[in-house]
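Each of the next two complexes has chain A plus one more chain, namely chain B in the first and chain C in the second.
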Partner chain A sequence: MQGAYLNYAAKRLLQAVVVVLLTYVFTFVVVSILPGDPVTNVLRDPQNGFTEAEIAQIVAAQGLDKPIPVQLWNSLSGFLTGDLGVSLRSSRPVSDMIAEVLPSTLRLAGAAIAVALVLAMAIAYGARFLPHRYGGAALRALPSLFLSVPSFVIGLLLIHIFGFQLGLFMVIDPDSFWATFFAAVALGIPISAQIAEVLMANLDHEASQDYADVARARGLRQSRLFFRHLLKPSSLPVVTVIALMVGEVLGNTLITETVFGRTGVGSLIQRSVVTQDLPVLQAIVSLAALVFVVINLIADLIYPLLDPRVKLVGAAPRRVTTADELSGKVSA
Partner chain B sequence: MASQDGLTPPLLRVDGLSVAYGPNEVVRDVGFELGRGKSLALIGESGSGKSTIARAVLRLLPPQGRATGKIAFRGQEVLSLPERRFRPLRGKAIGFVPQDPGNALNPVRTIGAQAEEAAALLDERDPRIRRALILDTFAQVGLDNPQRVYDSYPHQLSGGMLQRVLIGLAVLPRPALLVADEPTSALDVTIQKRILDLLSRLRQDLDISLLLITHDLAIAAERTDAILVLKGGEVQEAGPTAAVFAAPASAYARKLHADVPALNPDRYAVLRDPGFARLKTAAPKIEVAGVTKTFAVDGRSLTAVDNVSFAVPAGTTHALVGESGSGKTTTIRLLLGLDQPDTGGITVAGAKLEGRAPTSLREAWRHLQLVYQNPFTSLDPTWKVESLIREPLDRFRIGTPRERADRVREALANVGLGEHLLSRKPSALSGGQRQRVAIARALVLKPDVIVLDEPTSALDVSVQADIVGVLLDLQATLGLTYVFVSHDLALVRQLAHSVSVMHRGRIVEHGPVDEIFDRPREAYTRTLLDAIPAGLSSRPTARTVTRIAAEELA
Partner chain C sequence: MTHRIPTFHMSRRRLLAGSAALTVASLAGTSLFAQGAAQAGGDLVFLIDSLGPTWIPNNSSISSFQGHIWGHVTDKLVYVDGDGTATPWLAESWEQNETATEFTLKLKPGVTFSDGSPLDAAAVVANLDIWAAGRTEDGINPVGLFPKTYDHSEAVDPQTVKVVFKAPTLGFIPTLGYHGSILISPATIASPATEQADLGKTIASGPYVVDSWKEGDFVKLVRREDYNWGPAAVGHTGPAFLDSITYKLVAEQSLRVAAVQAGQADIAYNASPQELTSLRDEGFTTATPRYLGFVNGWAVNTQEAPLNDVKVRQALQVAIDRQEIIDTVYTPDWLLATSFMQGNVPGATDHGALLAYDASRAEALLDEAGWTKGADGLRVKDGVTLELVLHSNPYLTTSRAIDELIAQQLGRIGWRVVIRAYDVVTFGERVRFAGAGVPAYEVTRSFIDAGTVASILTDANKGENWFNLGESDPRINDLRDKIASAATHDVRTPLLDELQAYVLEQGYFIPRTQMVQRIYVQSPEVKDVVYNGVAYASYYRATKGSA
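This part shows the complex of A and B:
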């Protein structure tokens, strides 16, 4: 197992590195072949007031007059050493600009995933064990409702009720605890719906397995059955779902940050798109890919550790269910 | 079956029990009594309601199931008890041993963690003593290395070991009643015997009453004091085992008795083609010579099939018998060309099979067909019967559409099914009908050889009788050659002409079936034959139920 796991981890790590590099190259190429020349467009913008000589100087300094492959090489080696280039608009290092807004976004995204997890677990537990008259079965419909309401609508509702009506937070102070909390709720609700769907389906499946009945025949009460027997096997696939959800969280952060008036990566993207600040966009897209790949890598790496049945074959985990399948023979 | 002294109530008394799923009544007006220290078998085929009764006693019916009537445990009515008051009885007073040990333990928790739940039912506060009791119980049920079992996950143990664990967990809190729902139907015949021996011994040592649910009349006769025969949710017959077994009064019990191969040595043998002479004279249809196959598992190499040779003369049946893991399945996969042997040669109908390219294997498959053991999974549920049977003809582009339709009808008639079934889907068929469809699909190419991989093991005994009849009939009329894989030696004895006994990848003994079964030379063959439940004649007494030997672990 030990050697097989290291082998598997090394292969997955290598795959992840390749994916990140390809994403970087892909974004770079797409930006390069776009019609028009955004760089000179931005620099020639009369508002900036650069002279032709200054423009030529900036172009030379940024290496923009070199052939595309050379530019790609320079940009990629910069990315790998942590140098993300310089903004065309503010002339500040891109890494500084991102570092400024990243903590706020990470706080929001992290809080949103936590909210989503708690909410999903509550829905799944309630749907399974709440008696009918307390709305147990009705909870099953909740995820579809959550999914069909866009998160900005939820955000606006939350601001209206808790911000304006109840006065729990001030809209002009978006970094306060309650403001962050409700932004996370708005962002987390659609995510929780998808986790809850997976969790409920898996709970139904696990609860119908023989071992659940056998455990009940051993005298276990419902809550113990849920937490000790059903929750772990049902949440294993959730690990994968959350990892896949990260992309959606990143995308929705943009909208939520706008709705709640927060400064974050979302607002930085929005500004860069409007002003065609290519180095910033390139850096953010590549970082987003990096985050996505790393989270999925972590999920893939911990999955075999969580599920004792998973047997590693090359770079792909495979689930075995019996000793006979594991060895082809009855094992001791 | 009356209570011992008329004053104390029987341990379990069921009166007028009916269970319904919605409008569907699956158990109707069932009543029985089980005294302290006694055993009772509920026997019947699938759909007879026997497992439903067991679940009603444990109050583990699915939410839509409704039980009415009376179930009294130690004189206390339990059906009307609120869940909160019934739960303490579960495990502590009523233990449960499930049917499929492979699925009865949580796969992502260790056996120890689940054993602690059972130990928590004891009034023992010291965790170290609880732990010691668990390990003691594991040793008591014949598990060799209790500590290792405690630390294992379920998938790391074999089915026989898991069933021992489950029995151990059930008896650990010292219940007065043990409900065992087909505790051995998922296990090999030799392991079945050891598990049943274990249950008999524990019952005597610990004075536990046993409610045994089984479909096997021989097991019921061998292991219980009283029998209740069920069909379609209704009691057909009830009484002391010896009486019911020796002289069944109801027609259904008589049929049940007559269809069990182990109890009726000539039931199927008379239908077998008397082609024993061909064993010596006919040219071999199948020749397997010195075949070896090795798999790499976790870096170790495992020889699944080791220098196996046998020949099957045309028109005869050759049986491969042995326990799980003995190499039967690998052997037939090699024979079918699904895997390639490392060394050795396989010839079917004069054509070499090994080392062939997949395209030329297709040609061989026209002469070589498979009937899989479980007709509930081997037929695509979205296809109609007609398409299922016609598929091989379509794949091999045989004949015009009209000829194909004719051959489908012919194959269907051969297995005794009516044409009105052609437009049905598998879900609308019974288990026996499905297996007939699977056989028809194998027949439609007019093959010479059919490989039968435990073709009746997923079916009820009366359905098995039916399918065996069809198979023997086809052999007699079409001159088919069968390779028959089975662990049911009583059936093999009546169905096959020659037999190979496999053990750990090797053929330990082979020859004409009478010779091998009447005068086995190998101890392993004798063990297999001794494990066949034989009804009253092999009933273990208190003295013969001694401590069983530790399970042989490979």
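This part shows the complex of A and C:
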């Protein structure tokens, strides 16, 4: 069985490498076929007063006029040897630029997922157990509301209320605790909605199972029933949702970071897209692909811990994913 | 170079202020106090919409955004004020030969870069060379508007620089006060592009030094205490008064203004023109300084029908109600164009009469040109409808609104207007001066010397050929040559006047309004801000306090 796991892990790893490489090439091709390049775009700013002939000369001096396959080969060979290259826009090493912005984004994304989880659990708990007159049913509508309000609207509202009106944080200091907290709330709210919906559906399903009736018959308190018995089986699909959410969190940081004036991976992507800064874009997109693949791999590995049935290869009738990939190898 | 706190945390602000107060107290009696301690101190926060792409000095000095930082971190040889007057700064005096091909600059002694090395003749030569040629293979561009006639320069002695040009270059001295001409230490100039891109490593001689910075986030500058060579023209030469200036990027326009209103910052850059009146009513200071350069307007492609007909161009010139643009899109802070150059440019003359709104004259001119009104009210000639395609300038946020207003104005006299709005990249690819399908290119460009116009009129000497005339207009060719070779202002000024009248009469250039590209909203606590010839705000002699 261990051999099968290693085999499985190697296969997944290879997949991850292929995904990352394809992402790299795809990004390069897409950006390359767009008109313009970062150097030309900057030079064309009318304030510079360069003629088209002068611009062409400068671009040629930097090798940007070479055929696309040659440029791709140069860039790919650098990437494979661990050299992320130099930004075409800022002329700084790409690795430095990413290292500079990564901590801020990790803090924000981590905080947002934490906020989303707490919020989702609160909504699901409330929707399940709060009596109608205290808004238990209304809570079920909350995820739809959360999903339909764009996160930048939530962000601007939070800034105006808690930043400008209540003075809880300064716009010019976006890395402070409260600024990070409210940015995480803005980012976490739409994510919490999706988690809450999955969690509510599963709670409803689990709560109607015999074991829940038995637990209730034993006189368990609601909170104990929720946390000790219902939450764990209900959170199995939630893990999948969170793993998929990571991509969305990364995408949404772009908006949230811009609104809150934070400098992170999102704002770096935004600046790089606008200026067609290929080396930076490729590095970030490959990194994002890597993170996405790794997170999903971790999610797969957490499954057996949450649901003992996943371990019983071939015997589990309600296995959701991945174990089917395992089963072939294991039975052999 | 000062190194205090490498990261930017406002929560540490009190601590910083406290330690700064202690430091100042222990330094009592220094030159700072001799200047009058009542004025010194304070931290300024400037909210800006971008911090630009790169910090390589040559590639970023003229940026509307980074130019603010360079203006405080670096010095220039010459100071050019808001009226275009050039006065000595680090060049104490200068002489030129009769043909304006050789200049001798005498440098102020005792000026040092922040690493202690001298700002001498050798340093100035290194700067002139890199401005003129850049190091393109390394990604360091030449400075765009530096005179292309530059031949070489040499250090005669430590305080004297001789600069030689291949042709008369009357604009050289004003160019030294232009935002591209910032002095950087030779050590930084010699370093590779990847190192020059790190703002924290750049050494210059200005009244402020970079304390800390983060790309796309903020730049914090702190005062250089031994600075003693400010431009006499601003009335102060010693160290700056404010302790620090922080340029913080806040991309969202409404947030920048709201933060100043909430007292969280001192200055918001690039507010919306429509907000200015109400902000002034609330007690905030607003500033809309003009830069020296071309007005906002169209360079007309004279080969593109129907604007290849001079009568049609002349009709366009008077069919635009420019006052309505100011009343509708802008505020009275914006000025009517009186030429194709901004009114504050030395050499610009008032030809406002040629630009007065006269719809009936426009209609008469179009009738004469054979464009007659059809049943639907649109003018037609040989089955073709009179149409003007406009490409809104993506570098000017109000451009589209003005285009729409002009479309209404022209529509009233039977002229159909098609507006195309592109992003910066697409605009750069498709819309060129005199390009096919581009009947009118919308200009927004600063220059420091009116002689620049000689290089845009035709295609001779790699000229930009804005009007697609080539060398077909002998009068333009003649004026171009005379202006380019003029060795004194007495000779050149009448020629410039003649050129302005001719270009406007012929409808080669259709002005819209005078240009304000930098809009400042400022807390009333900030005093004594100075705006230079390129409309950047300088806080060198500014103070902050409720007094």
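One rule holds for everything that comes next: the second predicted complex is superposed on the first by the 246 of 332 C-alpha atoms of A that agree within 3 Å, B and C clash if a C-alpha of one lies under 4 Å from a C-alpha of the other, contacts with A are read in each partner's own complex, and residues count from 1 in each chain.
The working rule: a residue touches a chain if its C-beta (ideal position, glycine included) is under 8 Å from a C-beta of that chain, and two chains touch if they have at least 3 such contacts.
In this text, all values refer to a predicted model and were calculated from it rather than measured experimentally.
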Could you say whether A:D175 touches chain B, chain C, both of them, or neither, answering first, second, both or neither?
-> second
Looking at the overlay, does A:A217 come into contact with chain B only (first), chain C only (second), both, or neither?
-> first
Mind working out whether A:P69 is in touch with chain B, chain C, both or neither, as first, second, both or neither?
-> neither
Considering only touches as defined above, state whether A:P131 meets chain B (first), chain C (second), both or neither.
-> neither
Of the two partner chains, chain B (first) and chain C (second), which one does A:A61 touch, if any: first, second, both, or neither?
-> second
Could you tell me if A:G82 is touching chain B, chain C, both of them or neither one (first, second, both, neither)?
-> neither
Superposed model, chain A: greater residue contact from chain B or chain C = C
Residues of chain C touching chain A in their complex?
-> 8-11, 45, 47, 53-56, 59, 62-64, 134, 136-137, 139, 141-142, 144-145, 193-194, 196-198, 214-218, 246, 248-252, 255, 258-259, 261-262, 264-265, 395, 424-426, 428-429, 432, 443-447, 452, 462, 464
Contact footprint of chain B on chain A as seen in their complex | 4, 209-211, 213-221, 228-229, 232-233, 236, 306-309, 320-332
Chain B residues touching chain A - in the complex, by the definition given at the top | 58, 60, 87-92, 94-96, 98-100, 102-109, 113-114, 117-118, 121, 144-145, 153, 155-160, 166, 169, 173, 295, 297-298, 302, 304, 323-325, 330, 504, 553-554
What does chain A use to touch chain C in their complex?
-> 34-36, 38-54, 57-58, 61-62, 86-87, 89-93, 97, 100, 156, 159-160, 163-164, 167, 170-173, 175-176, 258-259, 261, 263, 267-268, 271, 275-276
